[in-house]
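Each structure below appears as structure tokens.
Common to both upcoming complexes is chain A, partnered first by chain B, then by chain C.
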Partner chain A sequence: MQRYEIRLAGTGGQGQILAGIILAEAAAIYEGLNAVQSQSYGPESRGGASKAEVVISDGEIDYPKVTVPDFLLVMSKDAWGKYGQGIGSKTKILIDSTLVSIEQDSVPEGTRLYKLPITGMAKDLGKEIVANIVALGAITAISGVVSRDAVEKAVLSRVPKGTEELNKKALSAGYDAAMSLVAVEE
Partner chain B sequence: MKEPVVKLMQGNEACTEAALAAGCSFYAGYPITPSTEIAELMAERLPIYGGRFIQMEDEIASMAAVIGASLTGAKSLTATSGPGFSLKQENIGYASLTEVPVVVVNVQRVGPSTGMATSPAQGDVMQARWGTHGDHPIVVLAPSSVQETYEITIEAFNIAEELRVPVILLLDEVIGHMREKIVIPDKDSLKITNRKKTDARPEDFLPYKADEDGVPPMADFGTGYRTHVTGLFHDETGFPTGDPKKADALLRRLHEKLDKAKDRITLVEEIETEDADIVLFAYGSSARPALSALRQARELGIKVGLIKPITIWPFPEEVVDRVAKKAKTIIVPEMNLGQLIREVERASRGQADVIGLNRVDGELFKPEEILEKIKEVR
Partner chain C sequence: MQRYEIRLAGTGGQGQILAGIILAEAAAIYEGLNAVQSQSYGPESRGGASKAEVVISDGEIDYPKVTVPDFLLVMSKDAWGKYGQGIGSKTKILIDSTLVSIEQDSVPEGTRLYKLPITGMAKDLGKEIVANIVALGAITAISGVVSRDAVEKAVLSRVPKGTEELNKKALSAGYDAAMSLVAVEE
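Here is the complex of A and B:
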């Protein structure tokens, strides 16, 4: 596992930071990899474009922040405006198509754009608040950076008691939907 | 030995956990970004361990409270950031002259003044050394990862206890806030130092009579020993003196006790300096992009090394002097406009070119800009 950089961008309150922490914990605690997670601080983490970043590697992680993301999650229009720059020619972009509309012709050549109605799927499960976990399932499927099993363990150790089933469903929904996108691609 | 525990933790959390593992039982502070998590966690955790947490009215009082608590025998911690660090300075000097072991954390943010509360900087490097008045000795440690923050927080307590000095733990917003994988060592494997206690009878006790190592054994307040503590220059009894000879002896002893321990407490990591033409000198979070730049440069066949001081005061001048003999250029990336570079210049004694690379916009260096500088000076 070479160095892999993930940026989760959205609006403060969507749970990007928690998703980032869970992803980093899945890597560090359950996969035995190294991981660093950082995030935006200040008012933007409570509304406005905000981001969380995760760097995962099987080697030592020297630089702790994202330079050119291998993976970018976009869950708001503002976040695309603020964090859409700086993507590389190999960046995989996952957008929440419930909230953001980006077309393939507006992303750099070579980048791969995946669209899933993440917030809509969360609403269908009964709680919009699990959108971040739906996104996490999709990230896991598309990036392959950590196993689904590790992510599920990390989710269950972080979410409040009594919400385990809902979160497992959310993770599965995101994972399965993204897997079918990946399958079509292949 | 038990299995080590693997966690994902913020630097501030690691600092808290390590303080508890080192035996810290008292915290007084006034929360300030980006150090607040330390106060929050101490408030939560200390009572579980039978310790005490007090949120004081300000940073001046917090510093006074940790000094008082330490004199009763409690290992004591306070944490702050720039504006609060300024306020603590007077009492840091008091701890220095009265030889009270305390650990003061400064999670640096952009200054001067209120500055940028959520952005990292390294602007307090000289303040940590010289912020309080008088010709005082001080120990300042600057870790560059969450794992190191854990280990160095324990070291900070050990040095404070062993040498009866205030120790400044200089973090920055990047290190304090980022979450990183950490392997928490088994408690039994930790080396924990406790202060020397007096074995004199109460009637014979002289609170400032030092041993060979320059450190006077302590007696806890409230245990029947008379201990007089004053910010005035004092003799072995702890009472004020204006005798020039005694004043001279006191201040020299405070410095000498650190000099004697200098090799042990000056922690420096050297990475590939052996054959290096260009050496980076970087500490705290700046050491991370520096290490990345080193690796990229090596891949390009450029011989780059890194001096990563963990102890920045006392300054590791011997290492810089030795490396400067061989290297052509030393590059000093700092998130300030050039503070520790002056020490690098002094220690390298003209044997190598010393070049600064500076950022004061509240952003961590990117590896590429350090790499660019390396290519430029090659």
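Here is the complex of A and C:
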């Protein structure tokens, strides 16, 4: 694995930054890779859309920002409008189908589009706030960039005490649902 | 203000990343500046020291990482060992004197060294965990890079519900104590 770029896009309050930090820590602390996690705030950050980025590599990371994402998570319509432009022909796109609707014919050819009702699944677990962890499970399954085990360890070291079980369930729900999408595809 | 680089260094669990996010959001969302907040995880992240970075500018931020910090926060001995090397002759250094001891003659000439018992002050407020917010208050006072008002708004939008008053007190404690250091200096 040389360089893998992930962009997590949504609205403020969905926990994209925390998901990015967990992914970076899973890669670096538990898998021995290098990672940079960042958020850039420009004029667009005063609007509704927000994003967090993670670059993972087994070598040095010279440029710490995402250029063309290998993976794009989209958790709001605004975020799709703003960050859907920069995708490449090999980008894997995961959309939260509870909140956003995108059709295969509106993305570049070659792009893989995955749809999961991420926020709906989080609500089913009793807490909409764990939608970011459901998404993280799905990203882990689809991207294969870090192991499920490493991500679970990183989740448990970051979430508030007393919420470990809920977050483990959220991670599993996202992982399992995405694995079944990936299986259908193969 | 062209470009202002801040490095927050300590050990895992001290909340440096959250402090960095709050500082970036204060600058971007409440002051209309541009900001990038990042953490790089390399081989050294498997040890004890950890750091978070913020770059703030009124123009475009081409390179999102800290090159020579204008401001360095040091909250552990290990962090000083690892990140004390990259300082320039104009770096302002704030050390948590509860945890680290550095003498003026061990930093480059021209460097300004500020000492505050950050963790001790947080303990006095009843919660050691708010040491990062005490530090944030002190950084605000010493750097002048963002206003106290913007930082307070950003703190309140990020901290858990029910902890607002405690965090406001922590911010004030750090701000006021650092202002008195700055006053002595002038």
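Assume the second predicted complex is superposed on the first by the 178 of 186 C-alpha atoms of A that agree within 3 Å, B and C clash if a C-alpha of one lies under 4 Å from a C-alpha of the other, contacts with A are read in each partner's own complex, and residues count from 1 in each chain.
Simple rule for what comes next: contacts are C-beta pairs under 8 Å (C-beta built on N, C-alpha and C of every residue); 3 or more make two chains touch, one makes a residue touch a chain.
This is a predicted model, so every value here is computed, not measured.
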item	value
First, second, both or neither for A:S38, with chain B first and chain C second	both
Contacts of A:T67 with chain B and chain C, given as first, second, both or neither	first
Partner chain in contact with A:I21 - chain B first, chain C second, else both or neither	both
Partner chain(s) touched by A:S57 [first = chain B, second = chain C, both, neither]	neither
Residues on chain A lying within both footprints (that of chain B and that of chain C)	21, 24-25, 28-29, 34-39, 41-42, 61, 64-65
Chain B-facing residues of chain A, complex	21, 24-25, 28-29, 33-39, 41-42, 61-65, 67
Chain C residues within the chain A interface of the complex	17, 21, 24-25, 27-29, 32, 34-43, 45-46, 61, 64-65, 160
Complex contacts: residues of chain B adjacent to chain A	6-8, 33-34, 117-118, 173-174, 177-181, 285, 288-289, 291-292, 295, 364, 366-368
